[in-house]
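Labels A, B and C are assigned to the chains in the order they are written; within every chain, residues are numbered from 1.
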Amino acid sequence: MSAAPGRSQASSHRSPQGEAPVSAALLDVENLCTSFFTEDGEVRSVDGVSLRLERGEVLGLVGESGSGKSVMGLSLMGLIDSPGKIVAGSIRLDGEELVGAPEHAMRRLRGPRLGMIFQDPLMSLNPVLRIETTLIETLLAHEFIDSATAHRRALAALTDVGIPSPAQRMRGYPHEMSGGMRQRVAIAAALLPGPQLLIADEPTTALDVTIQSQILHLLQNLVAARGLALIMISHDLSVVASLADRVAVMYAGRIVESGPVQQILSRPAHPYTRGLIHSAPVMSEPGTPLPQIRGAPPSPLGRPAGCAFAPRCDRASSSCTSMPALTDLHIGHAVRCWHPHLEARLPGIAA
Amino acid sequence: MRLVRAYMRNRMALFGLLLMLVVLFLAVFAPWIAPQNPYDLKQLSLMDARRPPGTESMAGFTFVLGTDALGRDIWSGILYGLRISLTVAVVSALVALTIGSTLGLTAAWRGGRTDALIMRIVDLQMSFPSILVALILLAVLGRGVDKTIIALVTVQWAYYARTIRASAMIEREKEYIEAASCMRLGAWRIMTRHLLPNCLPPLMVVVTVQIAHAISLEATLSFLGIGLPETEPSLGLLIASGYAHLLTGTYWISIFPGIALLIAIFAINLVADHLRDLLNPRLAR
Amino acid sequence: MTAHAEGLPVQDVALELRHVGKIFAQEPDWIARILRRLGVAIQDYRLVAVHDINLQIAPGEMVGLVGESGCGKSTLGRIAAGLRAPTSGEVSYKGVRVDAAGTRMPARERLKIQMVFQDPMASLNPRRRVGELIAEGAVYHGLWTRTEAAQRVADLLVEVGLDPSHAHRYPHQFSGGQRQRIAIAQALSVNPDVLVCDEPVAALDVSIQAQVLNLLMELRQRRNLTCLFISHDLAVIRHVCDRVAVMYLGRIVELAPARSIFEDAQHPYTRALLGEILRIDGGRRQFTPIQGELPSPLNPPSGCAFHPRCPKASAICASEAPPLQAQQGGWAVACHHPG
């Protein structure tokens, strides 16, 4: 399914009575705008992003610094604090509106329905608390169970994420573990209340390559076993490629391309996506100059009017001074560009 | 600079800065503002002794804050006293800064035994109460401006050394210092031109706080009758001279210099506090 | 031991590391010693960061050093650049000993080895103007006069792809990729022959990485630089380097030409690393990660450090650490069961 470009498309899915349809998407984001009001002016980190996520689906959100992908994840969780604010748009989780929801309502959702893991697992794990305290605390906050049950469930959660000798590790502290193990515990903590949606913000960026693979493998298994919906935020297209069903590429606060992962990778339509794929070293003959995208991503403060990628684009023309809308190229494949590539990209170099 | 703009945003801080500038102005231009030079014996007249505030003097101007036992105008005394107090405090702070920074930087750069040695001396210095050290030193050295400055420097340098060492140890591990080492620039050059400028922010706060501390310490010493000689009376001495008469009616001799001292220290502390708050989020960035 | 450059006369080798080792140890202080006498178990803190490294780099060659956390590649890079003293062994430049543990410190030779660091934010002094930073080393060592410095700085900025009129700006006024270019310009200002690059693109945005890699490749050609390229990313190394040294827990486990390492990796760890390279055109994949955690250098496994995680491990692997053995075709592997 494509990312909804505007209200009109979303409403066409509704039943005639105007109620939410029976097979509603798990997550329905429409035209979300999140801004930070700093002393230098308003910084529009997320500028009109719409997307849909079905149950059990994995969506990859790819972007570089300044693209707004992390702010997007935090906005979904309702973790945007002053001076930031969601200024427009709607986020519907299973029909329930999250934008403007009071904090106590969000607290009911965070945990049992929505979970998040971060690049630094110490953002989820309090370094001065034992692992079991962190895990059990999370459970007791959301459910009325006795501590013995909570303890058993925590132990089971640690086993599920592949921690060796979990009973021992429960009594330990985060700093006694390696980065990879800490991330596993953070995943266990996020999944313990049984959420339907997990948001992972660069979970493997800070980890070594061999450990990264373990964590991705774990996430893949968890998604399959629990029917978990996952939003994987990363700057690395290859990480997303290996895990996601669909990909949305963000640039300067907007989605510039979205669609099924195979489609995006083999036929990238947006010059930025194409540039990203071609500039990866694995795609070129060793020793040759890499195809590069000139310039640098725009700072969130000084975004040009019109297409934000135009200054770096070889295909830019006078029409690029106005912002293109996200339009469908094929079923499910949408792109925001006046001059999208329609042909398949160059093949990569075989290993 | 962004720092200046951010500073200006806080009204209390602005007030503190204004107050401090006023104090500074008064101190610097004392000879031109004061209606009388209280140390010029020719201008004094015993007929004016112990006059309450508001009295007319023999020479024609008003004693705004009254006079002391020798007929000296309190207001003029405060202005000249501020001058001396500030000069002594600032000079001693700067000298202590130089000595403390050099030692602290060397300790951080060299590490190992040098660091241990210097830091143990710092610890030793800081474990003695500053008043006690100053008293003992001045008892040995005698009275005088230079001797007071020496005493103040001795009790202050350790704070600077410790502060700059803490910053320097963090900065030393950063890659731009490694880049400078790679360029094989001499150790002294790296310390002064690369390390030191990046360790300045916390030092700015320490300097400001220490100046206030030096003023109060010097006032205490003068009150006790040691340190500055009678020919260079600071605020402390003025307070001391009126101390005996505090409850017998001629309150103005002690109270007004006391208030002046309070305002000066308060202003500097205000500025220092806000500098510290401002620099903290920046350091965290 | 050394593949490519073996047998070359000493002056023809640009950079040589012989039996380089680095141990971080903390001697127990007097309190700990007393406690130990009293029977309290005090642990000795002893970290073998780098163990017996031998490497010869020919002039104009680009050798990649790849590995994960704790493998010692960053430490080795700094030892090669003369920033840290090795506990044992020595580093030579064209036959002249240049490492930081040497007694004579030949300034001219040591200046010929420069380093480019990982974090462009931290590798430039934030309080100095960019032009001053670039010129400082060259002026200090008398390579440039003060009058010609401005022109030389402008030339260097153009060479790394920046606007020469920006020399008066401060580092924070540039983007990450531009700062890295400035750092490269600074390193080039003293005309080095050898450049040690410690993860030069890891901290940059993906779309900028290609730019900086292209710049490095171009500079290497133009100036005939010898490079030691340190990275955790085997794909990047394979693209820019001639030879690759794979490190694990302080030792080189495989040394091979970059072109062929993808097809013919001999060491199980190299194979595992290659398997981790996530391919963009691979699409959804089934992961088969190697199990186990990266061992801590404080507590290394016995024998071959990789044996707890190795699918081919046998009895000898747990007892004896395999030496790096040269094979034909410029290859070297440290494994009891290579291939």
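Quick note on the criterion: contacts are C-beta pairs under 8 Å (C-beta built on N, C-alpha and C of every residue); 3 or more make two chains touch, one makes a residue touch a chain.
All of these numbers come straight from a predicted model, not from anything done at the bench.
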Chain touch graph shape: choose line, ring, star, complete or other and state it. line
Using the touch rule stated at the top, which two chains are linked by the largest number of C-beta contacts? A-C
Return the chain whose centre of C-alpha atoms lies at maximal distance from the corresponding centre of chain B. A
Averaging over Cα atoms per chain, report the distance between chain A and chain C in Å. 33
Measure off the straight-line distance from the CA centroid of chain A to the CA centroid of chain B, and report it in whole Å. 55
Euclidean distance of C-alpha centroids - chain B vs chain C, Å: 51
Listing for chain B: what residues touch at least two other chains? none
Along chain C, where are the residues that touch chain B in the complex? 78, 81-83, 107, 110-111, 114-115, 117-119, 122-128, 136-137, 140-141, 183, 186-187, 190
Touching residues (chain side chain A, partner chain C) in the complex: 64-65, 178-181, 208-214, 216-217, 220, 235-239, 241-243, 261-262, 265-266, 272, 275-277, 279-284, 286-287, 289-294, 296-297, 347-348, 351
So, in the complex, the side of chain C touching chain A is made of residues 68-69, 175-178, 205-211, 213-214, 217-218, 232-236, 238-240, 258-259, 262-263, 272-273, 275-285, 287-291, 293-294, 296
What residues on chain B touch chain C, complex-wise? 174-176, 178-185, 189, 193-194, 197-198
